[in-house]
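Going in written order, the chains are labelled A, B, C, D and E, and every chain counts its residues from 1.
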Amino acid sequence: MPWLSTLMAVPVLGAVGVSLVKSDKLAKQLALVVSLVVLALTVVLAVQFDPASGTRFQFAEVYDWIPRFGVHYGVGVDGIALVLIALSAVLVPIVILASWHDADGSGAAAPPKRSVKTYFALLLVLEAMMIGVFAATDVFLFYVFFEAMLIPMYFMIGSYGGAQRSYAAVKFLLYSLFGGLLMLVAVIALYVVAGKNTFMFPELIAAVQDPTTQKWLFAGFFIAFAVKAPLWPFHTWLPDAAAQAPAGAAVLLVGVLDKVGTYGMLRFCLELFPEASKFFTPLVIVLAVVGIVYGAIVAIGQTDMKRLIAYTSISHFGFIALGVFAMTSNAGAGATLYMVNHGFSTGALFLIAGFLIYRRGSSRIADYGGVQKVAPLLAGTFLIAGLSGLSLPGLSTFVSEFMVLLGTYQRYPVPAIIATSGVVLAAVYVLWMYQRMMTGAPKEPAYAVPGSPEEAAHVLPDSPKEPVSSKKPALGLPDLNLREIFVVAPLVAVLLVLGFYPKPVLDVINPAVDKTLSSINLEQPKPAVADQKGAGQ
Amino acid sequence: MNARTLLAADPNFPGLADFGKDPLWISIIKAAVIFIVLMLGVLFGVWFERKLISRMQNRYGPNRAGKFGLLQSVADGLKMGLKEDLMPRTVDKVIYFIAPVVLAVPAFLAFSVIPMGPKVWMFGVETPLQLTDLPVAVLLVLAMASIGVYGIVLAGWGSRSPYSVLGGLRASAQVVSYEIAMGLSFVGVFLFAGTLSTSEIVAAQAQGGALTLGGLQIPLPSWYMILLIPSFLIYIITMLGETNRVPFDLPEGEGELVGGFQTEYSNSLKFAVIMLAEYVNVFVVSAVSITLFMGGWQAPWPISMWDGANTGWWPLLWFFLKMVLVFSFFVWCRASLPRVRYDQLMALGWKILIPVNLAWIMLVATVKAMRLESVDRSLVLIVLAVVVIGCLGIWWRFDSVLQKRKETRAAQVQAEFEQLQAEPSAGGFPVPPLDLPHYHGVARKEVPSGSN
Amino acid sequence: MNDAIIQPPTIEYALLSPMLLVFGAAIIGVLIEAFAPRYLRKSIHMPLTLLALVGAFLMTVLNAVNGLPDAPAAMGSVAVDGPSLFIWGVILVLALVSTLLINDEEQFVAQAAAVPGSPDEEEAILSGYAQTEVYPLLLFSVGGMLLFASANDLLIMFVGLEVMSLPLYLLCGLARRRRLLSQEASVKYFLLGAFSSAFFLYGMALIYGYAGSVDLRAISASLSAVSGQETLLLIGTAMLGIGLLFKIGAAPFQAWKPDVYQGAPTAVTALMASTVLVAAFGAVLRVFWVALGGLEWNWKPVMWGVAILTMIVGAILAITQTEIKRMLAYSSIAHAGFLLTGIVAVGAAEQNAQALSAILFYLAAYGFTTVGAFAVVTMVRDAGGEAGHLSRWAGLGKRSPVLAGIFALFLLAFAGIPLTSGFFGKYAVFSAAVAGDALPLVVVGVVSSAIAAFFYVRVIVLMFFSEPSADGPSIAAPTVGTSAVVALAAAATVVLGIFPQPVLDLADQAASALFIR
Amino acid sequence: MDVYAPILVLAVLAAGFAIFSVTIAPFTGPKRWNRAKLDAYECGIEPTPQPVGGGRFPLKYMVTAMLFIVFDIEIIFLYPWAVAFDQLGMFGLVEMLLFIVTVLVAYAYVWRRKGLDWD
Amino acid sequence: MTTHYLVLSALLFAIGAVGVLVRRNAIVVFMCVELMLNACNLAFVTFARQQGNLDGQIIAFFVMVVAAAEVVIGLAIIVMIFRTRRSASVDDANLLKY
């Protein structure tokens, strides 16, 4: 059975169905059902997946798509892809449930009513593309999904986002497009230089021998991925996009879409251009470390919670990139696990932030205070999510971050040590934010002067100008309702479970990472030793 | 091709190869002779025209100056030279001066390619009786005619008076219109002669071909005026139009435009030059008609029985005789035909001469092609039939539509007339009521106009 | 004089049948203008034009099925080879589609000569005049394009160029609304077009002076044979190039494009923007590859410069535009630049075939998208006709999401987003260019694509993310023709974006034998 | 080139004569100044003032000029065809028929559109 | 010998080109274009003589035809715009600027 194609076809068909049904409510329900079906299929897929199997890409389907260019419709999953697909499949139903009213025009922060059907249809299309991008084993197909993915996300940000949504959407699209086009050049050049008349990834591994060419091509791919993943200094679009996107879209954007960048580094940069990767490793590691520290420091200074979360992500992506380019199996596996965990933890943070904003209509940290008194459940989940962001032991992120640092330290001790400071800083921003928002006395929202820049940045244009509290009880901050509990619960559960028992996931990931690293090391049998020596000197 | 092969047979006819060999002084002599002959020809022509037209109208014509009034045109010329040269202040001086020159020079030049005889001995040099010949001689004639149009336009334009401008425009429109028909009428000749060189065209008219019809050799006439009657007739008409002669002398229609483009060239030498150019033009078109259609300088039929008729200087005589005859035809037309209206003139040129001409050319070409290759005759016939049927169809459609339109118009007019007859005030026509007292019958004081 | 016997020439009527059919229909169209009563004209013209184009297309297909000749037709003056047939097919289909657009009412002036607002015009409108000459003009122009793209002889190419352009000059001036603009566009297009064709002609004269012939093959042969007159050759090449580059709107000869695209009736713009580019590229390819292939090292650097300039100028100036048609015009300039990178990618035979096939595919893909985009532009109207200003497009996505969505699709295709036809076009051309050692050009191309993407995206932003203004433009209820055009173009854009293989195969096949000489 | 030389000779003669006549015209006659003589002739009434630059020709004449060009060009093609007809044979006939039919179509169009009507 | 004609034709062409760029009246611009075409004709005929074949002369025929067609269409367009705006100056036509 063509599992992966089915996995992609179901949401696409679901999207068509969603856009065709009559009522909005039905559309939402249908979307939820479809996403759950996808989740179920993914679970089946994961169960059938055999980590110990010799074949690298399982469930592989390869058909000629455009023979003229040697392009195939080639999909297949290894451990890395599988966990990321699973991440998407889990997040989408949660996001659908969380965005139940995002497009309705209800809620304090909501923009005016927009087409609900379109929103959910876009979500499902996006899901299909996310699955496609992780499953693609053809470089060209990967590129196609990589670019096409932008479009639904662009519309989701642009149509359903905050006050400056169109600016953010355009910025997001242009950054990604620019990176993507650079990658296109590299893809074309790869095809031409490799001269194998195919884009199938397995055949292209290390196909380019000439070191200079490799370096150029690597640069093309890497910049695209660095923009996507936002690695410092290509990150500036992320805070805008994430802050302006509706909560659900932000989750998918930061939680899954950006993973494509790091996933691409791990899968394509390393394996296609091993020599160049080694050459560029110091640079990347420097960037990653700078990103870790910079993201964390800037996050501390943020006054807007969504922006703050976005900057924490930049810091986390630094860790992931660090792990990828450390090129040890610990670090690689850690990075992969980090991708999954980060998806869940940031997802949880964004969703809970979204709930807050939905209630109060402002994303300014200063507008909140003492939430834990009025809405303890909300505050509690927020705390758990936040703690996962700072990698508290016992939560899943700790495992992955530890693995990354450990793996990195094996080869690059100094950067690893510096990166560790990011953990400390993370504690600062998370706890400080919690303190400001959740503790203390319950606070009236202080509205910005109408027309001031602050207002423009934080308050949605259509939110009520008089305090919400006058209309709603308990300072307008009711605790989580049932739907929201259903949204948050699985996330918290995953964070906790993976924190204590990451083995099943690691079992899936490890062989794939090892394969990846071994395919790099084919040329140099013992790079680790050599590098360690180098590092020791 | 055939013309050239023919040439080789008869050394008497000069061909293209015989030109360009004259020493310069011979050329100068020939040019001077042509120039002088043309000048004299104009003097003679004016007198001849007046005399002949008078005779046709039962008058005497000029009979005071010299014997038979022969010196009349000389006297006129002198008079023109001695009259005051008026120049209105509105004119564009440069153009005003250039125009007569532009008009006159090409008229003379066109004559340089007219063959007037075979090769003769002249001052110890054997030379054809023709100033020069070119592979594109007829084109030269047409080109000169076209340049002449500039003269007309410039004269009208430079004068800056309404009559002149209109006259110039009309004249140029007329000349260019008829030039097309004229150019088309030549095509038949070229089809047969296979050359554009005037001397070779004349040579080609020396012998008629023969049509083999059922084993019988029917000799074809050698002159194109008979072989290509439609072309010839069209040429004759366009010849009149091209030179602005009666019945197509609209540009100078005194009734409406005073003197046309030459209104401001009041009687002086400038006018004399213009008039000279007009007459030279007449001679040129006559000479062209002779060259292309009437066998050039060759002797006409009964005389041509005499072997010596086409040798030596004799042909010059035949040529000038033909010229006189053609010129007489001009005069005859002038004496007998009324001037047409301008729309009639243009309609004749555009709507009759051109299509008829094209159809005729195609017919000639088809027949020729069929004679050339016996194959595919059916195809040609089919094509021809289609074309003919198409043309007829179009014509029929035109005609029926026109007819219908005419009928409806007539019916309309009739209805209107009847209606008006029954009810005079219908249709907004101001009819005085019947009971209005008669103006003269009522004693009222007259109101001067303008004082309401 | 030389008495050489003239051999009657031979003409392969069957090979030329598409062209002959189009011209024949055009001539019949003139007859209809002459003889059919006014109220019947349009209803005769429409089927005639469509039939002629369909028939010509079928003939083209038939020619392709019958196999290609190994020598140019009509005494070496028209080369009916693979590229020609492909280009013919594309032109004919695009023309057919544009005809459907042109069929729409109310686009063309009732009587071109009547002064706007004058009683004359009132009368002309009242009495139901319509400029049905549009159809024969269109056919003539299409016939000229066919000839232009397949000429194997500079003279024939020149004739094709003029036959293509002259009717277009007139068509540009026939817009019903914004008459002054339209006429101004017409006169500008005419003057500049005539100017450029004079350059083409002088270049042709110089090359004739060098090679002693205007036959492309003979010119190519003379490149190695004749020596000592390189100046003639080089200047001639340059001038020829100017004439041709003008037609494709390459910088620095692009000035006419925005003006003309904006002023012309949009249906005509659609025709121009799609087909002229196709035909002109056919000619450019022939001149530079067939005739001047041996001169590659001389023109290549210049072409590099032109391509770079064109891409950058097109992309950057488009950003400053506030008029939708002008913006599309600049985008078309940028696309001409992308295509030029394919022209530069000349090399060995195999490489040439690849580049050629890429260009052909790009032309097909771009043509359809363009027609579709302009078709959408015709539908967005306000009181004064089409709502051209970009600000009027704000919030269109709310007002009519389907139309805006389709337009967004076209824009994305222009931008070269994957899963649209534009992507594979760009991909094909760029990959050919990379293979042809023009990597820097591709990098520039990519950068300008990114710049270009900005203004495409801006329009999408306007349409979807801005609030509609209260008195915004209305969406004309689409006629069957227009909606068919939009649907077809959208379908082509999507299908070529997802399953380009059949068309790519076709282009490959067309390009495999390269140009016959 | 020699065949053209005699034409030049004749041209010199004719031009010399014409220019001579035109230039001496003002000197041969008497000069009696009169205001009326300086005016353009207009049947004795005050002459209509002419616009600067000579005004414009009526559009009608442009149509005629255009038509003339079209047909003149046609003639350009007919002449060489006629001369070489014997060698071209049937091919020439068919092609020229096509050509003429095409021109006739345009001609019919002009005719029907009243391009040939004068009033 | 033929060089002179070539120089002349180049001069004419240049004059025409400069005229197109400098002059503002549409009709004058148009006439300059025609001048350029005729310069081309001259070049063609000269080259035909130089090359010793007739192609150039035949091309000149075609150029004449095209020039005629251009005249017809160009004047029609110019007359059209003149009737609309009562001026043939290119500068007056300035609606199409951004």
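Please note the rule applied: a contact is a pair of C-beta atoms (placed from the backbone, for glycine too) under 8 Å apart; a residue touches a chain by one contact, two chains touch by 3 or more.
According to UniProt, the chain labels map to these proteins: A = NADH-quinone oxidoreductase subunit M; B = NADH-quinone oxidoreductase subunit H; C = NADH-quinone oxidoreductase subunit N; D = NADH-quinone oxidoreductase subunit A; E = NADH-quinone oxidoreductase subunit K.
Every value quoted in this text rests on a predicted model; they were computed, and no experiment measured them.
Fewest steps needed to get from subunit C to subunit E, stepping only to touching chains, is 1. Chains touching both subunit A and subunit C: none.
When you average the Cα atoms of each chain and compare centres, the chain farthest from subunit A turns out to be B. In terms of C-beta pairs in contact, B-D outnumbers the other of B-D and D-E.
The chain with its C-alpha centre at the largest distance from the centre of subunit C is B. When each chain is reduced to the mean of its CA atoms, the one lying nearest the mean of all protein CA atoms is C. Per-chain CA centroids place subunit D at a distance of 20 Å from subunit E.
Chain centres here are Cα averages; for subunit A and subunit B they lie 93 Å apart.
Here the spacing of subunit A and subunit E, counted between their Cα centres, is 64 Å. Put simply, the C-alpha centre of subunit B and that of subunit C have 49 angstrom between them. Residue positions 72, 84, 87, 89-90, 92, 108, 111 of subunit D are each in touch with at least two other chains.
Within subunit E, the positions touching two or more other chains are listed as 79. Multi-chain contact residues, meaning those touching two or more other chains, occur in subunit C at positions 35. Those residues of subunit D whose C-beta lies close enough to touch subunit C in the complex are 84, 87-92, 102, 105-106, 108-109, 111-113.
Within the complex formed with subunit D, the subunit E residues making contact are 61, 64-65, 68, 71-72, 75, 79. For subunit C in complex with subunit E, the touching residues are 112-113, 115-116, 155, 158-159, 162, 166, 169-170, 173, 179-181, 183-188, 190-191, 194-195, 197-198, 201-202, 204-206, 208-209, 212-214, 258-259, 262-263, 320-323, 326. Residues of subunit C touching subunit D in their complex: 5-10, 27, 30-31, 33-35. Those residues of subunit C that touch subunit A in the complex are listed here as 357, 397, 401, 412, 415-419, 423-424, 426-428, 430-431, 434-435, 439, 442-443, 446-447, 449-450, 453-454, 457-458, 460-461, 464-466, 499-501, 504-505, 508.
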